[in-house]
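Note that chain A is present in both complexes that follow, paired respectively with chain B and with chain C.
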Partner chain A sequence: MKRAEPYLLLTPAYLLIAGFLFYPMATVFLLSLREYQLMDPLNTPFVGLDQYAAMAGDEYFWRSLWNSVVWVVVSLFFQFLLGFCLALLLNSTRFWGRGIFQAVVFAPWAVSGFLIAIIWAWLLNGEFGLVNDLLIRTGLVDQKIGFLSRGETALLSCVLANIWFGVTFFAVMLFAALQAIPPSLYEAADMDGATAWQSFWRVTAPMVKPAIVITVLLRAIWIFNWADLIWVMTGGGPAGASRTLSLYVFQKAFLGLDFGYSAALGVALTVVSLVFTAVFLRATRFYGDEAAL
Partner chain B sequence: MIRTHPLRRLLQVTGLCAFFLFAVFPVYWMVVTSITPEKDLFVWPLKYFPSAPTLEHYAAAFLRTDIPRFFTNSIMVASLASACTLTVSVMGGYALARYRFRGRKVTLLMFLATQMMPVVVLIVPLFIIFRMLGLLNTLYSLMIVYTVLNIPFCTLMMQGFFAGVPSELEEAAMVDGCNRMGAILRVAVPLTRPGLIATFLFAFIGAWNELLFAVMFLNSESTFTLPVGLYNFISKYDIHWGRMMAGATLALLPALAVFAFVQRYMVRGLALGAVKG
Partner chain C sequence: MLPMPDTPERDTLSRRAALKIGGGALLGAALLGCGGSSDDRKVLRFMTAQTLEKHRSLEPLIAEFMEIHPGIRIEHVKVPWDQAHSKYLTAILGGAPPDVMTIPSWWVTEFRAMGALEDLGPWVRDWPHLQGYTEQVKRLTRATMAFDGDRVFGLPTEVAVRSMFYRTEWLQEHGLEPAQTREEWRTLLEQITDPGRQRYGYALRGARGGFWSWWPIAQEYAGSNAWFDDDHRCIINSPEHVAGLSYWNDLYQDGLAPPDSLNWGFNELVQGFWSGLCGTMEQDPEVVRTCLEHGLDEDTLTITVMPTGPRARVALSDGGYTSMSSASRNKDEAWTFLSWLMAPEQRLRYCRDVNMIPPFAENLRDPAFGQGLYQSFVEMVSDPAIIQNWYPNYLPEMGEFLEVRVTEEHQKMLLKRQSPRDALDRLADFLTSAQKNYVDRHGPDTPRPPA
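Moving on, here comes the complex of A and B:
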């Protein structure tokens, strides 16, 4: 009886995860081998790999994949850079009210993708947006820019909103890692005559590397999969200029009502995530140890 | 040791102020827009402070739209889903923290792996499953999805909280004649109360903010949650920005209130491998 206890306690979690996460995930692949239109659910012929072949020739697919790369890489780069700066600043500055400051600066984390999109769509509005107002007042441009309706700026506008949201995540994780570095290491470096620059590269950097690796990986996957921000801000437009792969998966199902093709795109999305994870872990020589659990 | 040079201090202060403005300004602008009279919203150049603040957009949001109903629906879905999540996570987290059993490590790894799952890919198969179960266009489908999506993360979180409480107290209670269930409910659970609240609220924010499943599963206005309802304002009409921002402010308030409470636990929760947005 006693040996069964942990399994009994975990049963609800196992069942729910198996039924509503693993089972549907498994059916996605089977679904991708069928032609499945939502309007015609009784007629779902097996078509084998036809939809994958269609995908290979689908210009929108390749474009969305490229957009995903831009979306992930640019967002991540700035989130990391700014998040690390913020964490270093918080870690090295003592001032009154730091707790409150931290709570305020970290608050974007609580804002949903939907609200971020709405707020930034309004800020970047081409007619009465605040950003246009600021740019014109400071004389940087002399004509309003339709950020969301122009192909060159639509995706980058979404990236900007994503950066606003994601700096927090990096700051929190890296701040925690910085706080965990024992001060004695800096004292020792100081006694050996290390400059601030040296103690950053020889002490801080190696100590926070595991946190950086895991945070970058989790965020990269998460951003790659994240669809609602772009969907609400631009709808993937104009003409697919800001549509990422995850958004394409969603729109094929929601607007196109083509479940079979959406599933095939979903499989592609999953494969890209897995390959990326494997390559990333190998390149950073990071092996998930006990500490990660 | 950190020596604070005046110039360095100046740089630090400037940097911190910049971050502060960057974090706060968009939210400030949302609130300002929501209290600016309609006629002042569309003048050029913009006014950065409302000269005659008004609650007209809030009144319109409450009286002329279904926002109150969306709000109630969202509260219901989010609180029930997070209550279910909490129950399942307390049981699972307790098992993972207190027992050494075969498959424990695999379970932990599996929970971590689910955090990397592309959620957007699940929308189609879950739609088909819920259609078979006859739960489409009901709030039950969302409650189930939100519960399941939050379980792995919240279980890991609860495991951490239980691991922080010494097990001797439960053993003492069992010596005194409590059974295992009694020891969990009367000793372990009360001792981790801050953890319970934090876990509940994490699950709540996640459910409160979710849009894509909701928009896919619900199609009649009476079942809309707040994100779906607000999304519909964008797609259906010309956007009434003032009213939209009033709705957005209302949607943000509960999340921020909850955040104020959980942010202390955020570092710890996130360090456990969370990828919640």
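Moving on, here comes the complex of A and C:
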């Protein structure tokens, strides 16, 4: 009885997780083994791994996977860089009006993705957009740029909006981590004659590393799964130039009504996330040097 | 049905259970609201998928119907247009279909194939208004297969037909008249386009829905509304279709439409016109009101019939139907409601309210339609030579075709990454394989409208 106790206590949590996480995941996986067109719902033959094989030859899939990589890597890099700088700035004691800035900085995170997309789509509009107007008035360009209608700039425009949105998250999370560093560590470093640069690398960096690893990992997965912003800004266009994998899953399911194939795409999306997580945690030695995953 | 891990049947049960609980709660609330009085009226669920204005315009009609028929209560289920298709499918497949529903014309083949629509044939035989439809509506009902011999799967709700909108001052400035043919129209666009003054000829729709911008032109060049030949090969890549798509592509490549229009959907397009960036656009009568709200008026807005292509004039009309669900348990009441709502008097009131073209010939004699900005729409629906559109929506792949593939291919073309020929070849290949799949499963008798 004594031995069973912890398991009994954990059972409700496990049941909830099983019901709300594993059951839907298993359902999606089983769905991906069937041909399931919503328009032909009585005819859902078992096709095994055929839909996964079809994915290998699906140029839309590979293209959107590549777009996803660009979308995640570029967004994340700048979100982290700017967010960390902002956090350090907010953490500086010599900074007047810190409280107000902390509140203001958090604002973008409180705005819904759809609204952000609409705001940025208007800012970058190729005919009436504010950005084009400013560029022309300052003489930087002499012709309007169709940010969202050109293949080369559509995805990067979405990335720009995403960076603006996500910097805040890093700023707030890393700021909290910075606040948790005991001042005595800096005092000790100071007494040992450490320069500002040294105390940053030897004290600040190792102390906030766990927070960095977790926030980067979380954001990477969120960005990877996030389709609303792109859907509203460009619809994945022009000609698929900004279609990411998560957007492709959405389009296949709710525009193409092909639930079988979109389930297979969803499974692929999950696998990519899992592989990334495993590699990332190992590369950052999150569980220590010798711990195996 | 075989037990499957994720069969619709299992969905049905859970959804039904959920509906029962939800319905029970609603009913309870309703009863409380009524002070406990019991309601033994027959309840009809009426599902509509439309714009907000149209939903609103239906309310007084429904209220009036319930006054005339105290034994029937109409429960109006309003579905936002954007999610309409999947909502309808969920309701039908989930075993909780509405009794009466409005559907756009291009869903008819699909819903018919699922067995969701009741054949109204036995009822309409005694209905006095069937012969009163305009010629175009009769063509439309046959082309969309809503009327199929003696069988009737929906009564026309309204007609949306396209006409060409012009900014009158731009025409006057150049001493131009509205174009009669596509050739004239192209010349007109060249004359009114002046990028230096922020003026473009054509408000082109290059993003989602852009298909409805070029497909009519391809049909004008092909002189036909066929999709497949007798061997089930898709023929939308014929040299004539290619010529039509090339015509549209050239408008963009030659700078007659704004460069950004590659990414324009409906809203950007209409705004591009009323804001004074573009001089022409093709649109439905509904958009007249939007133009008037944004400062255009009878003096500054000219609307004429669509220019004619080399082989035909095409009516891109996406009118809708109101149908009865085959699963309705109150079919007689549903017919009472449906036939009342679809009668000429109610159609006239509704269409006048929402700026659509009513389906009956007698309605068109109403002063609201025969003159001014609406005249050209009435001319469009009265033209006997027009080719009527239809879509092979019995193909499950059609959703992906219209919503994803088409936009992808024509955008690649607009970006000069492929030729119009390549774009149509790829689209035709996609539909040929879809059609082959369908024929393999259901046999060679695919639904198609009478020639």
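The rule we apply is simple: the second predicted complex is superposed on the first by the 261 of 293 C-alpha atoms of A that agree within 3 Å, B and C clash if a C-alpha of one lies under 4 Å from a C-alpha of the other, contacts with A are read in each partner's own complex, and residues count from 1 in each chain.
In this text, a contact is a pair of C-beta atoms (placed from the backbone, for glycine too) under 8 Å apart; a residue touches a chain by one contact, two chains touch by 3 or more.
In this text, all values refer to a predicted model and were calculated from it rather than measured experimentally.
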{"item": "Contacts of A:F128 with chain B and chain C, given as first, second, both or neither", "value": "both"}
{"item": "First (chain B), second (chain C), both or neither touched by A:L31", "value": "both"}
{"item": "Chain B versus chain C as contact partner of A:M173, first or second or both or neither", "value": "first"}
{"item": "Partner chain in contact with A:P210 - chain B first, chain C second, else both or neither", "value": "neither"}
{"item": "Partner chain in contact with A:D190 - chain B first, chain C second, else both or neither", "value": "first"}
{"item": "Partner chain(s) touched by A:G151 [first = chain B, second = chain C, both, neither]", "value": "second"}
{"item": "Which superposed partner A:G113 touches (first chain B, second chain C, both, neither)", "value": "first"}
{"item": "Chain B versus chain C as contact partner of A:T44, first or second or both or neither", "value": "second"}
{"item": "Between chain B and chain C, more extensive residue contact with chain A", "value": "B"}
{"item": "First (chain B), second (chain C), both or neither touched by A:L255", "value": "second"}
{"item": "Chain A residues contacted in one complex by chain B, in the other by chain C", "value": "27, 31, 41, 125, 127-128, 254"}
{"item": "Chain A-facing residues of chain B, complex", "value": "1-2, 12, 15-16, 19-20, 22-24, 26-27, 29-30, 33, 41-42, 44-46, 87-89, 91-92, 94-96, 98-99, 101, 103-105, 107-110, 112, 114-129, 131, 144-145, 147-149, 151-152, 155, 180, 205, 208-212, 215-216, 227, 230-231, 234, 241, 244-245, 248, 251-252, 255-256, 258-260, 263, 266-268, 270-271, 273, 275, 277"}
{"item": "Interface residues, chain A side, partner chain C - complex", "value": "27, 30-31, 34, 36-44, 60, 125-128, 144, 146, 148-151, 154, 234-235, 237-240, 251-252, 254-258"}
{"item": "Touching residues (chain side chain A, partner chain B) in the complex", "value": "3, 5-7, 9-10, 12-13, 16-17, 20-21, 23-25, 27-28, 31, 41, 82, 85-86, 89, 92-93, 95, 101-115, 118-120, 122-123, 125, 127-128, 130, 133, 136-137, 164-165, 167-169, 172-173, 175-176, 186-187, 190, 214, 218-219, 221-222, 224-228, 231-232, 246, 249-250, 253-254, 259, 262-263, 266-267, 269-270, 273, 277, 288, 292-293"}
{"item": "Partner chain A, residues of chain C touching it in the complex", "value": "1, 4-8, 85-86, 89, 93, 110, 114, 206-208, 258-263, 265, 272, 275, 277, 396-397, 399-400, 403-404, 407-409, 411-412, 414-415, 417, 441"}
